[in-house]
Every structure is written in structure tokens, then in C-alpha cells.
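Shared chain: chain A. Partners: chain B in the first complex, chain C in the second.
Right, the complex of A and B next:
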């Protein structure tokens, strides 16, 4: 395809909001699933709702689609309150988790369903169905039944069935979770291209952080009914706002520290320089550093922010290597290296090394100054 | 003499069943279990088999085997040269009544029962759990209790509407009352196998609630609806007790006719008629099972 995925970021219309959630609250019985969600999703962006199962992301999507009703708050779709509209009168379409293809209809009939319901003239309908099927490259299967298709093909039908209606917003509820890894990665790229080509707003619900990182322009990380952090993908990875995001989005080493000056903190591993904005001297902070930002070396370095460690685990992963290393005080660090062959990255267990934690990558987390057990499954 | 006919047939049935077990690789049963099963099946089906065998007996009254004949079947299907047994006109009227009753009551019960099944599947409302539970009462209530209660109810209602005089309309209502439960149970269990997201998908694709039912729910529930209807039809055809208590002079059905004539002694054409009814019922149940099995 001749489309540059990078280009699409420019297409996002910064000022026009497609979907606006205003203080959405929802409880099922005694369980509060959404605790006041405020969220604006811009026109033409690929937006992901990321979080562990039970965080409320799917409920939020279902409220927008019209399958659930918020207890309080407002949902605006291009400025219009959708509360009084039943699902069939909302200009959003959903790609369901298990596709929900109609088993008694052929692929073409499935794709034509929405158009038929909206009484699109027969000639126009045929052309639209054909081009939608071709767009997802399943034109050859038009006359088959869903039962005769593979998982990936069903996924494409579900996609065609939604986009053929040219909705204002396309909702995708973990659409790739039932597929195997290789297929998932291929479809991720295809979804991104499709989104770029159509210029549609995509709201993508997933519990897979890698998927969200790969595909989204912006995302919201949700946990227990609240948005933990909202922002651009890169910004959120590089500067996680709190311990939950740091742990859920990729992995992180978390370090408790006390501020000793405007540039230094004291931790159990010693004194570290930190480039990030620090609070007043004497306050406790929680620092986060990504495993791949830490470098290991055999030679003792005179640089600051270096600690002596001993390798405890060596996990070979092909392109990358993952190590666990313990400091003298027993603190365990997670460290990732690139298997590029350029730098020395082949260490063995029990080897004594020096870990360098660059000041630029020690991020001060908000809202929490002490470690606590972090809830949620990190699948 | 009779046993000469009976034993080989039973043996054949057992063999077929046993062979079926082997072929389907079901866990092998011990000899004791097999024997018990064979005996149980024997007691269940022997009476039916006796009736079927006797319907081919060329004897007017006796239970002993005289010779093979198909004349009793011929008589049922209008051969007036055969003497003995029931009156042809009575038989025809009873057959007509049975079919009219079964068709009308099944049609009504299928519509109401399917709606009930869908309603209970789809919606949670105050009392929905109670309704689902109450649905099983007509299924487990003994026919005689049901018949007596209907009789009492009709006696009260008769003062308001002549509609409830013993006769065909009253019988239709009586049959519908117990058929609804069966249809609703079958339809509901079919709906339970469907992905609830299918209805949401239809709604998401601009279908109104009515269109959703028409385009998605009904086509997918159809095997269940048909199975329920067949079940209701079969139940109506072979119902005796409830029909007996609600029938009038002009609405005798086959089971009632058979009962009435049996009091004067079992005639061979009744055996033939019973065999036909059993066969029809079996076909109905069989089709209903097939429809329920073909659920993807």
C-alpha cells in the first residue's frame, strides 16, 4: 500500500472533538465500574482504551454504542447528546470481540445488513458491499457462510460489515484478542492502514499494552473505573504518570527515594541524580526507570548513578536480552539489552557488573511516594 | 405362535442398539449393565410392540395368533368390505377432530410459547424468574389434575361465555394451556445457545428491535420453534385425559374413541389405529430431535 502511516497523525483534526464523555458514572449493583470518566476523543484519531479486565473500558464503549446506559454524565457524539438515541440511531458501528457475524447469512449478506436496514438502494448497496469486501481483501469469500471462514477472515468480515456504513466513529472491542500472534500483528498493521485511508475515528479497546502502543495516536490507561493517564503514546511510555501506568504499560523498575537536593535523591541503592522536576527537599518520591534504559557493563565507571549488581537471571529472547540483577542490598533490577552485537550484551549468571541508571530516565511518579502492591493482571 | 413373531423383532432391535453402541465408541458397558438396560428397554417397548404385532393378527376378538393380515389397516383407510370393529364414519370424524384440534392448538401455542420463550430469554423484569419457574408447572402437573382444574374453571366461565361449553373451542384452549410451556421451554433453550452479541450487532447495524427479531432472532431460533411446534403437535395428538374432560358430543378425538370402544373389547382395528398413532408420534418426536440437534 502506498500509504504512509506516519502521515496520518497530521490528519487528526486537533480542534474537533468527535466523542466527548462528561463525568460518566456507572454501577452494576454495588460495583462501581466507571467513577466519573471525562474524555475527549478527536476526529480522525486512533484512540485506545487500555486496561486490565474489569477496568471499565468495555462498559465505556458499550455506553457509547448504546448497549448500556450511564447512571449519570453525558456522552456527546459530534456535539450531540446520544442518551435519547437507541443503538440503531447512533452513527457508530462496532466490531465485536467474537465478531458476532450472523451465522445464517453469507459474508456479503452480513456486510449488506446495515445498508439494508438503512434502506440504501439496491444498486448502490451492491457496489458498497463489493468495495468494502475488497478493502479488507475478502472479495473472494462473498458467498461463504461465516462458519466456513478462518478466524482472521471472520475478523475481516466483521470489519467490512462495520466500515461499509461509513460511521462517524468505529468502535473496536478487543477485535484481535482471539487471533494468534502472527495474524494479530499483520492485522494490526492493516487496521492502521485502513484507519489512515478512511480517516475515521477509531476507538480501540484492548488489554494488550503492546497492541495499544503499536496502533494508537493517543490512549487512556484505565484501572478500576478511572483513567490513570491520558495522552500520546510516546509521552505515556516515556513519562508514565503513576506506578500503575509505569507497570501496566511495558515494565518498570520502581524505586523509593527521598529528595536530598533539587537534583539528587537518596535511595537504598545510594544517591542518584535525577533530571526530572523534584519536589521539596525531605519529601519522599517514587522513581521509575524502564528496563531498557539501564545499561550494564563489566568495567567500573566513575559516572554517577552507577550501582554494583550481580546477575541472577539471564533470559535470552532473540532480539533482546532480559536480565535480572541484584544489588548488594538485595534490590532486584530488571534490565533489557539489545542483541545488536555492537555493545557487549552477553552476560552470564552470577557475573558481577555495574548498572548505570541515567538521570534523564529516572521519572518521578505522581500521586504515590511509596511502593504498594499493584493490582490488575498484566496480560 | 405370537412369540415366533415377537422374539426375532426384539432380538433385532437389541442387536441394532448394541451395534450402535460399539460403533459410536461409547465406553463399553459391563454385561450386567447391558442386561439391565436391555430389560428396561424391553419393558418399555414390549407393550407397544405387542399392539403393533396384534394389529396384523387375522382374528376379530381373540388374543391368540391366527394369521397375518393387513386388512385392519385397509379398513382404517376406508376399505368397507372388512367386517368387525369400529364404524367407519365414527373413525373418520374422530380423525378429523384430532387433526383439527392438534393443528389449531399447535398454531396458537407455537406463537404464544415462542413469544414467552423469547421474552424470558431477553428481558429481566419483576416476576420474570417466577414466570420461568411457573412455566414448568404444566409440564410436571399430572394430566388428570390439569383436566379436573380446567373442567372446574370452564364450569365457572360457562356462566359468562358459552364458548366454554364442552366442545372443540374448549378443547383447543385446554390443549394450548399445556402446549405453551413445552414450546416456550424448547425455544428458550435454543435462544440460550445463541451469542447475545448477535442481537447487539443487529441493533448496532441500524435494525430496530422489531427488525432485529425478524432478521436475526427468528431465523436463528426457527429450529427451536419448529421443534417446539412438533412437540406440541404430538402432545395434542396423543392426549386423552384432558381431551376427555373437555370434549363435547361432537368433538370426539381418536384417543377418546379408542377408549370408548375398548370398553366393549379390544378390536384389531384399534390395534392398527394405535400403531399408526404411535408411528406418527414417533415421527414427530424424531423430527423435533433432529431439528434441535442441527443447531450450529
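Right, the complex of A and C next:
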């Protein structure tokens, strides 16, 4: 069964939980890297742990694999506490960031390693290794050594070496980060296909938001040892819970506002209508709007939520255009346009335009009502 | 004017003459050095081994293979395998020394590689440091430590390991200790550089693939140390064959090894031709072993080793 990538998202997942993290805490010396993680990962889902480096995502993965131990909390794998099990007795397999292939073994020997350790009979072993190699399309390289392969091919070997064991959960620790962009995109698609075909639970660790958005069914955005938001990818992109997620997952314009009625807020850009649920009148809120939800036009519009702006930066990106535009009050908006040729999208610096911020796309963020500098996450 | 053919070298285009002159400047000194100080002396020595010793101890004509025949055991007095026995004993001493060195070096290399890079360098200095001291001086130091009045010997005497008023040297024990002391760095260095290069995440990968820690060590780490281990064994076993200072001093000149025999021919016996013949036979033996090894591992394996 070869699922089309679009259909993949529509498949119905079982309700059973494969991995359950219960209040996981972990500190290295004085540094708390995990501050009480609660997370359930469903059977057969493609789950991503997304976050900047040092957010604790890899540590969480290593706790599940058995290479680190949580200071407190419980990890259940299909309902069973894994704490007493050493790594070699857990039915999870890992695809390591640097692949960690065995350099003295051929590709086939690398892939056969796990089966050999579990004393799979030689005849079965051969078939399994061959079909795993074919599944990741490196059957032709079976007798080569890892040193004779390219980065992408090594990645495939690492993948084959893990899936050949038919684990309950496959852990992938930034497996694509060492590859160039084109190859990465190809492998993303292949990984999704593979995951859908095998029906395996994938836990994918990455710092690349695009990768996580493309591949996952659900994801958790982590920062400084806590989960900032957990949910389906679309939901998280469209309705980020807080400023960190809004900024880390794609980019966002953040606006400070004060609630003036159940449908309106007052900002330094003027009064805006907001469709989202607003708190009581008089309270401060932080609003987020994605750059591509804002539209620019030369003609003055009678619509509400329109502000006069002056273009300060235009970056031609081929398919898209990225603009920065300042309002009269000096607030700079980030705006992305599609280079479709249908709508006006060719603006130049210093041009005076009107920006429309639709009420439906102004999202009220939780957790904070004032802007603060978020350092080091705009990658 | 005809344009000379240009060749690319190091990003420059050169005429063949220029190329040749550069090669002469860079590789020339090395070639001259090797020819003058390695190949020429060897040829002289080879020539000596076919000469005859006269009554005064000079090497004279006629050319003969008597020296080699004598080594094999046939002498004017009849057959005596004395030299072959010495060779056998030498090989045994060399192998035992190598074995002990490996047993010590293997855990030591892993121990050092397990430290922070800074600490590793310091620990490696401790391994290398003893070899900065002259071999003879080091050997005399062992003699002092092992003489009957030293605290170490007296401790051994109280434990009943040696009789009263006896030293720990001369003895086989002292010889082996001295030999191990000399050769340990030669095996630790290549072994350590092999261990240091290992990507330790492979150990986790192996455990992730259902291997126990022991299995991971034996199946994943050990094979990757083999090139370093082989290099170390060769660097130890071969020079150990020719070692004569340590067995001579710490063995009390009682037990002859091949190195001592050669030294004796060139020294006390003044029999240069016979000494030269033994030297060449030992060298031939060594090359034979290396050749057998090279045939087994192939050209690539040898290149890795070197």
C-alpha cells in the first residue's frame, strides 16, 4: 500500500498510546534540562519534538531510548514502565544524528547487526536485510562500507538498520540535519511514505520548523525544558498558543493591544477588530499575525483593520516576496506576498501602501501580554 | 619558439624541467639520506657476510657461504644447533614481551581515551616520558632497584620471592620487566590513536540494536582497534628481536639472545663476517613475517598500518 502524501494526513490513527512520558524531570548538574514533561504519543503517528538547541528534546529522546535516566517521572512504552530495562531490551530503535554506522562492517552487516544480536535465524535474516535495504533503495550498495557512501546513502543505511528490527517506536534524532536542502526535502517525502507504509510510530527530533510542519501528524514545541504547545501541525501554525511558538514556528508580527470591547482592541496602529476570543475590556493582550496573512495594496480601502504603511525593505524571493513596512507610528510589519501575477505584488522601497490585517487572523496569545525580547530563537 | 608542455602542480603550471627541479629540491635530500645511511651500509654489511675471518680477525677473501652454513649449525666440529636455539629463544622472549605489552596497553589506551582531551594529552606524556631517558641509564636504574640491598628486593625477600642476599636481577623477571618498560609506549601510541578515532556513539548504536555492553565492545569497538594493535605489535615484536642491552644487563649475560650474539661477533669475537650473516638472517626472518602478514591483509591493509 503506497499512500499518497496528501492522503497520509487523513488516515485514522488508533487511539492507543505507544509512549507516555509522565512528569519527566532531568537535570545535568545545576542545569534543569527537562522541567516536568507530560506527553502522550499515539500508535502509528508521526510525532515531532521541535525546539531550539538546548531545549531538552534530544534528552527526552535519549531517556526513551535508555541512554539517559530521568531524575523523576515515568516513561511507559505500550503501558510498560521502561525504567528497569537497559537500552538493548527496549523495543525502540534510534536513527542517530551522525548515523553512528559501524565503519568496519559492510552496509548489509550493519543492517543485520540488530537481527544477529537477537539471534534471528540466518535464512530469515538474509531476507529481512534485503527487503529493508530495498525499502530505502540502497540494495545496490549492500557490500560497500559506510566510508564509501554519500551522506544521503548513509542516512538510508541508518534508517534500514533501525527499521529492519520492526521496533514499536522509531526514534529519529535530527537525522536530516547534515544533508543539503534538496536531498533533505526528498528524504522528508520518503520518510513520510515509509512511516505510513510501515505504520510505525515515529518520534522525530528536529530544530527545523519547516521539517516538523511538513512531516508530522502532531508535534510538541519545546523551549527550555518545557512543552510550549502540543497539537496538530495546522492548529499550531494557525493558532500559536504563545509568543514563543508564534515566533519559532514560522514568523509572526506581534502586537501589544488593550481590549476595548468584545470585538475590538486598541493598538499603536489604531483600533482593530479581532475574531478571536478576547478577555475582559481593559485587559492587555498580545496579538500575533502571520506575515502572509497581511495583504498590501496601493488603493485605499474602506475595510476596517487597514493601516497606512511605507515600504522599508523588499526582498525578492522568487515564488514569494518578503516586505517590511513601517506605519506612521514607526511600527514595522513583516509581510509576505505570493508572486502569482494576479494581485499587485511588486512594490518598491518608500512606496506608500495600505496594509490589511484581517480580523480572522489576529490570534490572541496566551502567557504574556507584553512584548519581551525572545533571544536566539529566530533561526 | 616552441612552447614547452605545461603540467599542473600545486595550482601552478610548470614546464617538465621546472617540475623535475622542484622534485629534486623536495625529495632529493631524503633520497640521498636513505641511500647514504641506509642502503649503502646494508650493502657493505651484506658484502661482509660472504667474506672469511682470518686469524687476526680481519675480514678477507675468498667469498664463501660458510657463515650462513655455520649459523644453521654445521661447523668444523660437527652439528650444533646452538644458534637456532638462540633464535628460538629470542622469538619466545619477543612474543612474551609483546603479549604482556598488549595486555597492559589495551586497557591503558581505553582508559586514556575515556578522558577529556586535555587530560588525555597529559596522560600520554606519562606514557612517553620514560622513553626520553637513555635506554642504558634506564636499564641501570632497574639494576639498582633490583640489587639485593634495595627496598624492593628486600620486600620481595620477606615475601619469600627471592632468597636472602639475592637480587631480583639477574633474572628472567628483570629482563621481561625491562623489555616491557622499553616497548610499552610503542604499542600504546598506535593503539591509542586507533581508540581515540572511534566514534563512541557507535557503542550506543550497538546497544540500541540489542547488543549487551560486552557484545558492543567485542563486536564494534575491538575490530576497530585491530589496525592500531597490529601496528603496535609489529613495532614491538620486531625491535624486541634485536634487543641486546636489556637482556644483557638485566639477564646478567647468562642467557644469550640473538642481539647479544650479533653484538658479540662485532665486539669480543671480532668476526664481522659471521656477525653480518646473523644480522641478515634475522632481518630476513623479520621481512618474511611481514611479507606473510602483508599477503594476508593485502596492499590496503599494509597502507593503513603504515
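As a working rule, the second predicted complex is superposed on the first by the 367 of 379 C-alpha atoms of A that agree within 3 Å, B and C clash if a C-alpha of one lies under 4 Å from a C-alpha of the other, contacts with A are read in each partner's own complex, and residues count from 1 in each chain.
Methods note: a contact is a pair of C-beta atoms (placed from the backbone, for glycine too) under 8 Å apart; a residue touches a chain by one contact, two chains touch by 3 or more.
All figures in this text were calculated on a predicted structure; none of them were measured in a lab.
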### Task
Superpose on chain A as described above, then tell me if chain B and chain C fit or clash.
clash
#### Entry: Touched partner set for A:318, first chain B, second chain C, both or neither
neither
### Query
Which partner does A:104 reach: the first (chain B), the second (chain C), both, or neither?
both
### Query
Once the shared chain is lined up, is A:147 touching chain B (first), chain C (second), both, or neither of them?
first
### Query
For A:330, is the partner it touches chain B (first), chain C (second), both, or none of the two (neither)?
neither
### Query
In the superposed arrangement, does A:96 touch chain B (first), chain C (second), both or neither?
both
### Task
Please indicate which partner A:282 is in contact with in the superposed arrangement: first for chain B, second for chain C, both, or neither.
neither
### Shared contact residues on chain A - chain B and chain C
65-67, 86-89, 92-94, 96, 98, 100-104, 113-114, 117-118, 161, 165
### Message
Which residues of chain A touch chain C once you look at their complex with the stated criterion?
### Response
65-67, 86-89, 92-94, 96, 98, 100-104, 113-114, 117-118, 161-162, 165
### Message
Considering only the defined contacts, which chain B positions touch chain A in the complex?
### Response
195, 197-198, 200-209, 211, 215-216, 219-220, 296
### chain A-facing residues of chain C, complex
199, 201-202, 204-212, 215, 219-220, 223-224
#### Entry: Of chain A, residues touching chain B in the complex
65-67, 86-89, 92-94, 96-98, 100-104, 113-114, 117-118, 147, 161, 165
